[in-house]
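Right after this note come the structures.
There are two complexes below, and they share chain A, which is joined by chain B in the first and by chain C in the second.
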Partner chain A sequence: MFNIFKRLWQVNWAEQWQYRANLAMYILYWLVSPIIYLSVWTSIATANGDVNGLTANDFITYYMILLIVDQLTSNIIIHIFGYKVQDGSLSGELIKPIHPMLTNTLVNDIAFKTLNMMLLIPIWIGLTLLFKPQFDSVSLGGIALAIPAIALGYAINFLLSGIITSLAFWTTRVYSIHEFYYALIMLFAGQFVPLQLMPAVIQNIARVLPFQLFMYLPIQIIQGNLSAQEITQGYVTGILWFIAALIGFRIVWRRGVKQYSAVGA
Partner chain B sequence: MSSESIIVEQLSKTYQVPEREGGFGAAVRGFFKRKYKDVKAVQEVNFKIEQGEIVGFLGPNGAGKTTTLKMLSGLLHPTGGTANVLGFTPWELKPDYLRSMTLVMGQRNRLAWDIPAADSYLLAQAIYRLSDDDYKKTYKELDELLELEPLMKKPVRNLSLGERMKVEIAAGLLHRPKVLFLDEPTIGLDISGQVKIREFLREYNKRTGATILLTSHYMADVTALCERIIIIHHGQLKYDGGIANLSRRIAPFKLIGVRLALSEDEGLGDSNGRDLSKYGDPVQNEEDAEKVYVRVKAEDVTKVTSRMLSELPIHDITIADPPIEDVIERAFNE
Partner chain C sequence: MHSFKLISTFIKINIQMAVAYRADTVVNILLNLMWLGWELLTLSIIFSNTQTISGWGFGELIALLGVFRLINTMMVALIWPNTEKFNQSIRDGSMDYTILQPVNSMFLVTFSRITIWRIWDLILAIVLITVGINISGDLVTPLSIAHFILLAFSGVVIIYSLWIVLIALTFWFTKFDNNVTILHALIDAGRYPSTVYPIWLQIIVTFLIPIAVATTVPLQALRGDLEGWRIIMFFAIGIASFIVASQVWKRGLKQYSGASS
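Now for the complex of A and B:
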């Protein structure tokens, strides 16, 4: 199995590398919205002294960490995989003795992510010089504690996106469904606004949803804002969602492949 | 264990195709309630193929060849009947089955486009769990037969069509499949390219004892490789047997094509309109409108040709086998 992933990595890495100019444009596009939120919240906090106890520096560090965490937990499988179903190129992969989504697509996404990080890091350093965040509350221990949460966030996001992408077996409208999913992430993962500024109702909902693992939870762990109990709660919720997403994915995938092979692969 | 590697019984596939009339009203109605039409692509087909056989699978476009190959390779669920390949039910997509067969579609690429084939081959080695020794041995054999080495380091997109086909076919064979489903493996290739692939398949079959089921539009592929052919038409099995028998039924025909030299006052239309029916059955050929074709019994070809040469102002003359589509059409629509 390790050998398969090693070879998949070589192929996908070489392929992604071909599209590095494309990636640079993608990164610039993707950077726009977090930087807008960062700027808006920072200027409000500066004008008022703070927003519900959050200072300008809190917002800056929040969004600077978000840039990294979001990049690590997000995925592009809707783009990698959706069209393969529609144009039939999935057929060649389906008759290979490995799972197309959990091997090839996964590795392709990780290769994409790795290249993105290589582009993002210099930009991130530049932004640090521009916004001058004070990472006083960030500790190595916090980062170490957040890494499993980021991995869990990535896994859940991948599987949920995988479920949505698998809907391509039935409908060509997966992109609009995915847009809706993305809107949920924007709201409940804490991209528009750090979740602690949301009304209590939304915070309570967000706590039982998986989306906070994509951004808010790891960021808060890194910032050292959470108690041991809150962190444990976050992890438990995440693990439950991971199991649910895995089961859901397997069911949808199996039925989807059956559907695909019923209508004409 | 029986020596049959493929057993197909009553295999059927009916597609439901959405159907609507043109126009706005129909589009709106179609949005709420779709109508479907049943298209019977394959109807209750039966055949058995012995291990090591090379069988040509023929039929006009839309006859159900590709649908059948897709079912046998596991990509499609049938709507009826059963198939057993190497003891497996293909559409269960069991990894052990997928490791022992291959499907090569001439019009589809399986190799990554932007990187050299060598990388994709190493990936295949890992996916099919081939030991280094096995992989190297198979690769060496394929390289001997197809001269792959010079093509390995270039990105696949920079290969010519013929080169790409070689690399694609070899990629499908690295795991030494026991059953090969080949859909138009020579499509788009020039004659020497076709010959190379053909020779390769024959040699591969001899060396490995693999079972091969192939479709092709080139009669030469089939006559060179297959002793047995299966013909389907409108999804139904029409013929299953030796190619020699079929030839006796249909090959007595040749096509003679002539281009007539025009005198200056004679328009092309007159030339086309010239009645050649006294030489044989006139045949329409849309690809080459300047030529007029007649279908002639094989034993009469010499006679008719010399008559035409003496009686007509011939500019150019060709004698050819009728295209396979015509042969099949003719054999079963008569």
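Now for the complex of A and C:
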């Protein structure tokens, strides 16, 4: 099994490496929204002294950490897998004795992520020079405590995106469904604003949904803003969602492959 | 007259295309409404925490959202589909046939595809602008409305010209098919008054990729923030950028030699 992954890595890394020129553009997309939100909220916090107790520096550190965490927990499987169902090129992968989504697609996504991080980190350092965040509340312990949450967030996001991408077996409108999923992330993950500034209803819903593990929860753990009880609660919710997503993915995938008949069949 | 006839033909063809994919059109409109809801929610969250954002009130940000949506509609309904077609035509050489037509090639390349259902977005934008101005309680005179329309128009022309320059670069650098990505990536910066941003970002969105000139500036004119000479200056920049863009396009066309040669 290890050899399979090693080989897949070589192939997928080489594939992603070809597109390194496009990467700068992708990273640009990536940076714009968080920087806009950072500017908006720091300008409000500076004008009013603070926003509900959050200072300008709290916002700067929040979005600076978000740039990294969001990159780590997100995935592009809708783009690297969805078309394979539609144009039939999945057939070749289905006859291999390994799971197409959980091996090849996973490794391809991680290769893409690794390449992104190589470019993002120097840019990120440049941005810290521009925005001068003070990471006083960030501790090594907090980062260590957040890493499993990031991994869990990535796993849940991967499986849920996997379920949505698998809907391509039934419908040609997966991209629209995915857009809706993306909107849910925007709403409940804390991308626009730290969740504590959202209306109470949204906060309560967000607490039982998995999306806060994609951004808000790891960021808050890194910032050292959560109590032990809140962290435990976040992890328990995350693990339950992980199990649910795994089961859901298995069912949808199995039915989907049965449903699948390639172009020309 | 000629161009007018052509545009109405393009619209007719594009309506037929939209009708052929009815269900997709409905889904797209629903998603569009969803994003509108999200945008309004973000504004209400901002203003539940503050009175103003760099001097702008709630109503003014709604109006700005309307202006932003005008530019954004231009992006997704015109720039995006036509660029895709154009890049394809450079790659496979079908640009040859476009040049052979007895019509201005720049016009043909930039208007042949129009995502027609997005016209609904334009109506929505105008509603947002009107409602926003009403909420803001800003004193609006016929003169300031005229300034607003003038600068919104020249803002659209500036973005259009930038687009022409970006895609014309493909004549020299055939592999440059990321040509409008930078415009697309930065467009979101138009949602908020550019004075919110740190100075380096203000410089980028004002001079380099002038999104703010098409969004923040017209509303500043409406609020009466701009002196007369600035209004004339921005209008002149609009005309100048169009002239420059047409020249770049002409030079680019001379550079074009087909896909096979």
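Going forward, the second predicted complex is superposed on the first by the 260 of 265 C-alpha atoms of A that agree within 3 Å, B and C clash if a C-alpha of one lies under 4 Å from a C-alpha of the other, contacts with A are read in each partner's own complex, and residues count from 1 in each chain.
Criterion: contacts are C-beta pairs under 8 Å (C-beta built on N, C-alpha and C of every residue); 3 or more make two chains touch, one makes a residue touch a chain.
For clarity, every value in this text was computed on a predicted model and none was experimentally measured.
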item: Contacts of A:I221 with chain B and chain C, given as first, second, both or neither; value: neither
item: First, second, both or neither for A:V85, with chain B first and chain C second; value: neither
item: Contacts of A:M25 with chain B and chain C, given as first, second, both or neither; value: second
item: Which superposed partner A:V193 touches (first chain B, second chain C, both, neither); value: second
item: Which of chain B and chain C A:N3 touches, first, second, both or neither; value: first
item: A:A146 touches, of chain B and chain C: first, second, both or neither?; value: neither
item: Shared chain A contacts, counted only where both chain B and chain C touch the same residue; value: none
item: Chain B-touching residues of chain A, taken from the complex the two chains share; value: 3-4, 6-8, 10-11, 14-15, 18, 88-89, 91-92, 94-98, 257-258, 261-265
item: Contacting residues of chain A [partner chain C, same complex]; value: 21-22, 25, 28-29, 32-33, 35-36, 39-40, 43-44, 47-48, 51-52, 130-131, 173, 176, 179-180, 183, 186-187, 192-193, 197-199
item: Residues of chain C that touch chain A when the two form their complex; value: 23-24, 27-28, 31, 34-35, 38, 41-42, 45-46, 48-50, 52-54, 178, 181-182, 184-186, 188-189, 191-192, 196-198, 200-201
item: Of chain B, residues touching chain A in the complex; value: 15-16, 67, 70, 73-77, 91, 93, 95-96, 98-99, 101, 103, 105, 108-110, 112, 114-115, 119-120, 122-123, 125-128
